[in-house]
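Below are two complexes that have chain A in common, paired first with chain B and then with chain C.
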Partner chain A sequence: MSLLEVDRLQVHLFTNRGLVRAVDGVSFSLEAGRSLGIVGESGCGKTMTALALMRLIPTPPAQIVGGSIRFDGEDVVAMDDARLRALRGNQIAMIYQDPMTTLNPVFTVGEQIAESVRLHRHDGRHAAFLRAVEMLKLVGIPDPDRVARAYPHQLSGGMRQRAVIAMALACDPKLLIADEPTTALDVTIQAQILELLRRLRDDLGTGIILITHDLGVIADLVDEVVVMYAGKLVEHAPVRQLFAAPQHPYTRGLLRSVPSLDMREHRLRTIDGTVPPAHAMPEGCRFNPRCALVMDVCREKEPPLVDVGGGTRAACWALA
Partner chain B sequence: MSDIAVTPSRQSAVLTYLAANKLTAMGAALCCLLIFVALISPWIVPHDPLEQSFATANEGPSDLHWFGTDAFGRDVFSRVLIGGRISLSIGICAPVLSALFGVWAGMIAGYFGGWTDRMISRFSDLLMSFPSLLLGVMIAAALGPSFQTAVIAIAVALFPRFVRLSRSATQVLRREPFVDASIAAGRGTFSIMLRHVLPNIAGPLVVALSLWVATAIRLEAALSFLGLGAQPPTPSWGNMIRDGMSDLVGDPWPAAFAGAAITLAVLAFNMVGDALRDMLDPELDS
Partner chain C sequence: MAGYILRRILEVIPTVLLVLTLVFFALRIMPGDPAVAALGEFAAPEAIEAFRDKLGLNKPLYVQYFSFIGQALTADFGRSMNNNTSVNALLAQALPHTIVLGLTATAIGIVVGIPFGAMTAVHRNGKLDGFGRIFALIGFSLPEFYFGVLLIIVFSLHLDWFPMLGAGKGFVDQAHHLVLPAITLGVVMAAFVMRLTRSSLLEVLRRDYVRTARGKGVPEHWVIFKHALRNALIPVTTGLGIYLLTTLSGTITVELVFSRPGLGTMLISGVSARDYTVVQAGLVVFAFFVVCVNLLTDLLCAAIDPRIALR
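Here is the complex of A and B:
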């Protein structure tokens, strides 16, 4: 049994301008201690997918309308509030994009980590605080005793993100969901945080789902990649396979638009066109207006997700 | 890391601030003094504030009666001291009671939004649409005049202000990522309000509370003046002015000193409120 099994997940947004299928039939699974990346442009549904895993999507307007999410064999979609609270932060933890604002400014870092420990474990105040110091040490913060007594505004961005990670991992979750954990940080700090996540995954055996639009980040940290486009899963592949032999035209476009050091061209390559507006999706394959390989069938029917070998699944008529 | 500034403790920060702001220090000292005197007044009054003596009625200030005597020959100084007990305790109890309900109502409205918000907001708008004195008079008249009625009347009059304040502050906080993060950490709604919302809106609330204590003291005086607060012979600053009004030309002292006491108390709490606001306002931080 996998740690996490997502099957044909559908999240709809009920907006004033009509129905938006933010996540449309996405399936993937994750084994314990493995890591998975979800990539795509802004608005492709990757954050919605991640939030849905912990039932954190804002309802209304968003709602899980179909599919199932099984965590450790238990159906997350059917859980009641009490069970959800016991799951969140304890077995599945989340770290957000901006470490500047995910810490409460009026409490010290140590207090906040200790509080999240006490939420799920019946530790005393002192034991929880010691645990907080221990976690800060684990995430590589020098002088953790002192940092535990500091307020968030007294720490740098990198230190804060480390503290946020310490808080997320304080209850030994089986799964860590990281939504763009390095986007708000300096490049040098980004590398340190990624290195930290990799070390924690290896040392603690925590499963990681990493959400990002940065393919460089993906290559470094994850075992498998899910590529999303306009709410659809378009390609799911082992990370080496994805970089070596991308199958879906969208994935190829994404990889081509990553600038490299030995690049001959002077202009940055992009994918032509833009993501269609969420309430006016084209018929058939959602990528068809931007696709170079477009065929008649692409404008009529949605392509099925097919196994194309090498552990890769892709949804494209050119491959079917 | 060695570059983390050592935070001075809250207490010493407050003391430093007070040392630099003489006016604030005066206001704070005055508030403490007024409350202290009101607390110990039964043991320090020179005369029984209720003892009547027609032989000494309507006297001006003298060695024996520092603030003179009223129409019944009662010692005005003693009555001002004892009257402060009623005026200040209503002035403090009413806003605190109001805050207790109003802050929660506002947080619930601001946090949940939608229908909950609309119901709570409309109710508080309804209360807000009456001038607070009129509302106080209506409630005090309906429930019958007494100390408790005055507290309830003033608390109801202040309720919508606390609702508005905490509602709007909560709406801003609700969108803070640390609130989302703590939902993701498995915290329940009540616990989030208590842990994350309340401490973050405490600053403006404390400021409002101290300013509205001054408002409540004025309201209490007005209610007592209209005969709807503490009932004679129990003195309060408001009903002393009322009693003094009957012979303002012949014996102005009871009304004058009671009025001065009200002015002093309102001034003191306003000074503290303004100072707290400046202290907690990051934009005025120098």
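Here is the complex of A and C:
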């Protein structure tokens, strides 16, 4: 049994401008101690997918309308509130994108880390606080005792993100979901945070889902990659396979747009066109207006996700 | 924190001096003569002159000003120009009634307004929210003098549940007399606090740290009352502070409507008698309240929000 099995997950947004299929039939699974990356441009549904795994999507307007999420064999979608609370912060924890807004400004960092310890382990106030200090030390914060007593506004962005990670790890979760954990940080801090995540995966055996638009981050840290485009899973492959032999035209475009030092061309390659507006998706394959290999069938029918060998699945008529 | 409090208290001193100066000169500009008001329009010029002499009204303005400031700073407001009783004694009689009325109304405003506002925010667009909207509309559009009279007509005249006028004697009787005036002021304040809490909490509930709390497995009522409400209360406290100042003038109206003794009643009678000393004392006490409420609001905000004291 896998740690996490996501099957044809569908999240819809019911907005004033119409229905948005933010996540449309996404499936993947993750074994304990392994890591999976979800990549895609802004607005492709990767954050929605991540939030849906813990049922943290803002309802309304968003709602899980189909599919299943099984964590340790248990269906998260059908779970009652009490069971869900027991899971959140305890077995599944999340690192959020913006450390500036993720922490509550009126409580100390230590209190906020200790809170989940008190909730899930029923530790006393003092024991929980000691655990918070211990976690801050684990994520490499110097002088953790002082930082635990500090308010978020007294810390730098990198320190805050470490505190958020400490909070996520406080109850030894089996699954850690990191939603663009380094996007809001300076490059040097980014490297430190990624190093920290790598160490946690190796030392603690935590399953990690890493959501990012940065392919460099993915290459470093994960075993498998899911590529999303406009709410759809377009390719799912082992990380080496993805970089060595990308199958879907969108994945190839993404990889080509990563600048490298030995590049002969002076101009950065981009994918032509833009992501269509969420409430006006094209018929057929959602990537067809931007695809160089577009065929008639692409404009009529959605491509199925097919096994193309080497452990890769891709959704493209050119491969079907 | 201690430094912040000290700084805020020191800032009060120039404010108070300015208020005292304004009060003094505003009264001297006001038309009418206290001597004429006290002795009648047809009093002999000699009698009026003697009266003015006795009260020091013939002294140069700056002498009067400095003696007033000196008195005010030592909390001795002299004697009433009208009937020679000590103004301090008048204040001692009036103040407790006004303070009790103001505090009770504020308590009603907070105890009703904050939980009610929080619930309307949580059940946004639900039945309770609709009821809250109607309550707020009524609260905002009813002037105190009208609402007070309405309460008197229904609960005193028709139902005979509460006494109509005065402040009563003894604890139970006084509390009984307090109900209608306190409700008059309190309902309006509750409506205000409710709407403020609602909008502030709705804003906070969209913040990322609320999602973080949910993501930790915090039960929903804790998410709202611990994580969200504490943040939402920061603007509510500031708003409440400003609103309390409006309520201070509201007490004047309510005291008149219910014929209650108090600072308002004392001020109004002082003004009509051109009783400088009484009006001066009343205004100074009002100004003192304003300064205190402002200080208290700032300190409360700093206690709720750790980011404030450092600014």
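Here, the second predicted complex is superposed on the first by the 320 of 320 C-alpha atoms of A that agree within 3 Å, B and C clash if a C-alpha of one lies under 4 Å from a C-alpha of the other, contacts with A are read in each partner's own complex, and residues count from 1 in each chain.
Just so we're on the same page, a residue touches a chain if its C-beta (ideal position, glycine included) is under 8 Å from a C-beta of that chain, and two chains touch if they have at least 3 such contacts.
Just so it is clear, the structure is predicted and the values come from calculations on it, not from any experiment.
*Asks:* Judging by the criteria at the top, classify the pair chain B and chain C on chain A as clash or fit.
*Replies:* Clash - chain B and chain C, as placed by superposing on chain A, overlap.
*Asks:* Contact-wise, after the overlay, does A:290 reach chain B, chain C, both or neither (first, second, both, neither)?
*Replies:* neither
*Asks:* If we overlay the two complexes on their shared chain A, which of chain B and chain C does A:116 touch? Say first, second, both or neither.
*Replies:* both
*Asks:* One more residue to check, A:155. First (chain B), second (chain C), both or neither?
*Replies:* Touch partner of A:155: chain B, not chain C.
*Asks:* Looking at A:12, would you say it contacts chain B, chain C, both, or neither? Reply first, second, both or neither.
*Replies:* Once the two structures are laid over each other on A, A:12 reaches no partner at all.
*Asks:* Contacts for A:142 in the overlay, against chain B (first) and chain C (second): which applies, first, second, both or neither?
*Replies:* A:142 contacts chain B only, not chain C.
*Asks:* Looking only at the overlay on chain A, choose which of 22-30, 40-48 or 256-264 in chain C hits chain B.
*Replies:* So the stretch of chain C that bumps into chain B is 256-264.
*Asks:* If you lay the two complexes on top of each other, which residues of chain A touch chain B in one and chain C in the other?
*Replies:* Overlap of chain B and chain C footprints on chain A: residues 54, 56, 81, 84-90, 93-94, 96, 98, 101-107, 115-116, 119-120, 151, 164, 167.
*Asks:* Could you pull out which chain C residues touch chain A in their complex?
*Replies:* Its residues touching chain A are 207-209, 211-220, 227, 230-231, 304-307, 310.
*Asks:* With touch defined as at the start, can you tell me which chain A residues reach chain B in the complex?
*Replies:* Those residues of chain A that touch chain B are 54, 56, 81, 84-90, 93-94, 96, 98, 101-107, 115-116, 119-120, 142-143, 146-147, 150-151, 154-155, 159, 164, 167-168.
*Asks:* Which bits of chain A are touching chain C when the two form their complex?
*Replies:* Listed in rising order, the residues are 54, 56, 58, 81, 84-90, 93-94, 96, 98, 101-107, 112, 115-116, 119-120, 151, 153, 164, 167.
*Asks:* In their complex, what parts of chain B are in touch with chain A?
*Replies:* On the chain B side, the touching residues are 1-2, 4-5, 7, 176-178, 180-188, 195-196, 199-200.
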